[in-house]
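Below, subunit A partners subunit B and then partners subunit C, in two separate complexes.
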Partner chain A sequence: MTSLVLALLLSAEPPTTQEVLAKYDAAMAPATFKGVAQMTAHRDDGTTRAYKMTFLKGSDDKSRVWFHEPAAVRGQEMLRNGENFWVYMPNLKRALRLASRDNFQGGDFNNADVLRANYARDYEGTVKEDPKKPDQWLVELKAKSADSAYDSIKLWVTKEPLGLPVHGEYFTSSGKMLRSADFTEMKDFGNGLKRPAKITMRNEIATQRFSEMVWDSVDITAPAGDGKFGLSDLGH
Partner chain B sequence: MALRLLLVASVMNPLLSMALRNVLRNRRRTLITLAAVTIGVAAVGTIRGVLNGLQQSIVRGSIEGTLGAIQVHRTGYLANVLSTPLSLDFEADEALLGKVRSVKGVKAIAPRIQFAGSLTLSATEGNDAPEALFFGALAVDPLLEPKVCPQRSTFFTDGTVLDDTHVVLGDALAAAFGAKNGAEAILLAPDRDGSLNGELAFVGGAMRAIMPGEMKIAVVPLSLAQRLLRMDGRVTELAIAVDDLTQVVAIAEQLRVVLGPAYEVHTWEELAPERKTIMGIQNGVSAVVSGVFMMLMLLGVANTMLMSVLERTREVGTMMAVGLTRGSVLWLFLLEALVLGAMGAGGGFLLMSVITLGLASKGIHFTPPSATMAIEVIPFLTPGFTVVVLFIAMGGAVLFALYPAFRASRLRPVQALAGR
Partner chain C sequence: MNAVLLLLLTQSPLVTTTGYVDSRTTGAWTQFDGTPALTELAEANVQVKLTPHEKVTFFADASLFWQGAWLLQGEQKDLAQYRPQVVLSELYADLPLADHFRLLVGKKRIVWGAGLSFNPTDLLNPAKDPTDPTFQRAGAWLAEAEWGFEKVALSAVVAGKATRQYAGLPTALVVYPDLPSAEVVRGIAADDRDDEAHFVFTGRLYLLVKDIDINLIYGYSNLYADAFRNKSRAGLSLSRVFGNLELHGEALLYSGSARVSANADCVNAPALCLFQGTPIISRPYLDSDFLNARALFGGRYQFDDNAVFAAEYYFNGEGQDAKGFERLARLSLQNPALAQQAILGGTTDPGTPQKFTLEALRRHYLVLQFSKPQLWDDWTISATALIGLEDLSMQLVPQVQWMPKEWLQLTVALYVPFAGVPELGVKVGDETYGQFSLSPFKTRVLVQARAFF
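After this line comes the complex of A and B, so read on.
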């Protein structure tokens, strides 16, 4: 009986794309938050490098990152404001523009993956069943603009609770898969935010390479005033 | 000169003397045939001469302009060159450089780093600074590089400065960047460990491109690159100049022995196989065109000889009637063809020499598609090729005269006297 109910529940009509993406964005890129994360980049030759950083996300596509480790990048900051990305180099005391598709610190995430605005605004697409994964929805997304980091994305998200990512595949306009991601280690970050804490981004071009991002904390109640997202604030 | 030699020889050999006089009998026809042979030989020689100049220009440009005669990398570097692996680097210390210098024939060594990065202006609040431009960079030591690649600076536009603080941008990059000489340029690149780093430099000038794909590049001072990439004292490449280019393979082999399996050594030909392929295609096409020229020219000779035999049936009959053997008749016509071939080849040699020297004195300048700088081509002829062409013209004339001469020698005197 229970399984019948479950089966009925699982075979229900898919939700709208906007519904799924709203849930996804609320979990993976809350409107504002402060967080601490560590990224480990695994390179072709087997060496790794770990980066420790603090994130601050403000409203309207504003994000800022402070790098703490390793020593080579200590004092560097990154800023996103709308479609513009900057890096602040402490040795030059200047902010320089970056491209959204550039690698984030030589890892396999790109700048837009990490300093992400939201999928609901940048992408449109369809939600459907994946017969191989009955407990997940397959969301097929297509970028609204050519400037987006990826041309199309396939995202598998949980049905219950709705919208938490399990696996992602990221494609170029030619249909070539650039990256694939796995979202694991479900964690309760407090204030009702429960989501995967670890993202493993695999490089599908140089397949020996992958990067892991592990979130230690995500505080959605932290203040994130607009003053923190000005170019002149970088380095202070 | 050739004519005088023939005359001298003709005194010694009555057949040759007859052949020479026979050739001069129908002057108009002889002149037309000679013109064909002369133009054919001259065309083949000139095509080859221009191609020689072009190929020398490509080779010189490769060796003295960009590659160096030999390059040394850590083993496995070239297989991964597209990802510009900085981790395959090495210390360019005295111990290593001493080993390279110990090989006989090594003239100069230039340490280098190839890396990918981006170039940007500093951004200020409100200004619309462009996004960083991605580019491929070659870091060179401004003092050592000219000893290995003296032609590199000929690609630079006038007034270009390359020193420890100035970078030279490929002209496509310079145009996209839009900064004037002396402007600040900031280089951003992931360092050897992948962490982002930035260094301030100044635009020293622009660099024209000769080969396709050389556009979005820059030449950067080595010391600046070593700070940017956090690779103090380390490089990814040694470019080597040699005393004698014909010994390059042997010197590379010797370097492999001295440096051991941790390093890979490549000659310029191995580094730029596409240039070798291009030259191979050029050689093939020119061989086909030359072959067609030669064939047409020799068919002309064959035609002339056949006409001559048909016209002189009675004469051959008479000669045979007074005792000339069939062998001598065969030889007579073959010698006539040889005289025609020799005179045509001589004329062709003179004409090709005049054209080639004329072109060489001014040089041919042309700009290949996708390049922004003209190549100067100085045509020249090699003795080996010239001798072969002249030999083919003469030998071919004899060969193509075999059938007419054989036909003449097979005539039956009685019928021939009757003109049948």
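After this line comes the complex of A and C, so read on.
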């Protein structure tokens, strides 16, 4: 019986791209949440740099990050509001505008990976089977605008539950692969949110480099008032 | 007991502490008397943020500096500017009384303009180092009321000048105290007290419109950071990102000028003028009604490899024309200390000691900056060129930085002034000087180590 269900499941018609991306976004970038994560950047020489930060996501267009570690960046903050990114530098006592494709703290994520995760809005594409991975859908995405993190993405997501990412490949407009990612360590964050807790982003240009983002907590019930997403609130 | 309290405070999640210890050793090839060839500046900085209640945050950013100067050129061996000092860069209470309203009282550095090397619209703060703006942490004693929303903010600030301070703490604000300072009593400083209120009021309206940061600024000051009395000024700052390119500009409009003018008769004999009581320096345009401006336009481009190139043009409406600059330069070359005192006046709070300071004496400047991080994993190379466009003199600052540990940053920087085009410089004797080669140092090498905690 189980094998019959599995067979039916695996041979089902692909869901629409929007269905998959809505599920992906709900898991990986819930509408609002507060979370604590640690990013570890592995560099060419084998050494690492670790960053600890708190995220607050206010809506699809707003997010903010407070950096706690290491001491050299403590007090730095990042803010995204729509297409606009700023970084507050405590040693300048002011905020600077950023490009969305700037590297996130010099690691292998870029700002948009972290602060602009809204695939349903930013990308369009197709969903199809991958014969090598029968339990996953292959989602091929093209960016709708130049502000998106990447020009095209290949994303492998689970069929059941729908939309949880397993692997991603991220490309430039010329088709060159910039990054690849693996999504591992499924974790129950509470309030019905179960998703991979660890993202390993590999730099496909400098292949010795990769960065890991491990989420310690994601609270989708935390308040995220609009007052936290104005430029004038940075540094306070 | 105190240790227990300190332990509790530092372990509480409501307290965050950070800071650094820093050593800057400078070796210099000097050209004027009173200038040390070897200096050491050691700094211990601590920043404490205490949030005992969701509507109250206290913040302090304080540094203790120890300075040493050796191998001095000339007879003067005791230089006041190289004595140990405490600098309280910031100390304030931040009171977010409502969702979109906060009061802030204390000392804070508030910068609204988008410029990197200069902020022409900044009426509040001690000047920053245009070659490394991160080194000026000090703010102004002020009270701020701010209504902040996502795309709109309205701020009103009133600040008082610290008319006297000891150990980094002000003992008089806004007006001068009745008694002269100890330095005046000892006869080693001029008594510059007056009976006026030294303050600035400034307000800004921030708007985020079509992805452009817009700041509309108004300022009204009386003998605060310059010699203007009852002066109104209007400013505008804009910033927007286009792909990897950020463009920005800021401008301040006002009437008249606080620029100094050197008495031509005193340029070659300032001591005689002093003896005769003839003013060496005057400010003839303070009450003039011609329209004047300070403005900056620039951009910052980030390459795919994270290298950053920035270029900014700065127009300084307070700058001198060629004749005016030549008179000031000749005066400076005769007595650098006297000229500096006459041109700058007494600055009670210059902020934190800087690696490089610039009193912009000319009108047109170009600042070029290039930085390439992760040259190797922890190595960054950068260079800044500060160019005076009238005489093409230049201050060039190449720099190499290495972070061998997450908490340790090592820097070597070279400060090289160039005299520029000889025909456009000031000739005194056999030497031709551009504005940047008027520096007491011909060349400096700075070695810096900073450990964060």
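In this section, the second predicted complex is superposed on the first by the 233 of 236 C-alpha atoms of A that agree within 3 Å, B and C clash if a C-alpha of one lies under 4 Å from a C-alpha of the other, contacts with A are read in each partner's own complex, and residues count from 1 in each chain.
The rule we apply is simple: a contact is a pair of C-beta atoms (placed from the backbone, for glycine too) under 8 Å apart; a residue touches a chain by one contact, two chains touch by 3 or more.
Every value quoted in this text rests on a predicted model; they were computed, and no experiment measured them.
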Exercise. Putting subunit B and subunit C onto subunit A via the overlay, clash or fit?
Worked result: clash
For this session: Please indicate which partner A:G82 is in contact with in the superposed arrangement: first for subunit B, second for subunit C, both, or neither.
Result: second
Problem set entry | Which superposed partner A:S173 touches (first subunit B, second subunit C, both, neither) | neither
Problem set entry | subunit B versus subunit C, judged by how many residues of subunit A each one touches | C
For this session: Tell me which partner A:K62 touches in the superposition: subunit B (first), subunit C (second), both or neither.
Result: second
For this session: Go through the superposed model and pick first if A:R74 touches only subunit B, second if only subunit C, both, or neither.
Result: second
Exercise. Who does A:L92 touch here: subunit B (first), subunit C (second), both, or neither?
Worked result: both
For this session: Answer with first, second, both or neither: which of subunit B and subunit C does A:R49 touch in the superposed model?
Result: both
For this session: Figure out whether A:G230 sits in contact with subunit B (first) or subunit C (second), or with both, or with neither.
Result: both
For this session: Have a look at where A:Q105 lands relative to subunit B and subunit C in the superposition and call it first, second, both or neither.
Result: first
Exercise. Subunit A residues touched by both subunit B and subunit C?
Worked result: 43-45, 47, 49, 70, 72, 89, 91-92, 94, 96-99, 102-103, 106, 230-232
Exercise. Which of the residues in subunit A end up touching subunit B in this complex?
Worked result: 41, 43-45, 47, 49, 51, 70, 72-73, 76, 86-87, 89, 91-92, 94-99, 102-103, 105-107, 206, 230-232
Exercise. Where on subunit A does subunit C make contact in their complex?
Worked result: 43-45, 47, 49-50, 62, 68, 70-72, 74-75, 81-85, 89-94, 96-99, 101-103, 106, 146, 225-227, 229-233, 236
Seminar exercise, completed: So, in the complex, the side of subunit B touching subunit A is made of residues 80, 83, 85, 87, 118, 120, 122-125, 129-132, 134, 186, 188, 190-191, 193-200, 230
Exercise. Which residues, counting only subunit C, touch subunit A once they are in their complex?
Worked result: 16, 18, 20, 47, 57, 90, 94, 96, 99-100, 102, 108-111, 114, 133-134, 137, 139, 146, 148-151, 153, 155, 206, 208, 211, 213, 239-241, 243-246, 248, 302, 306, 373-374, 376-377, 403, 406-407, 409, 452-453
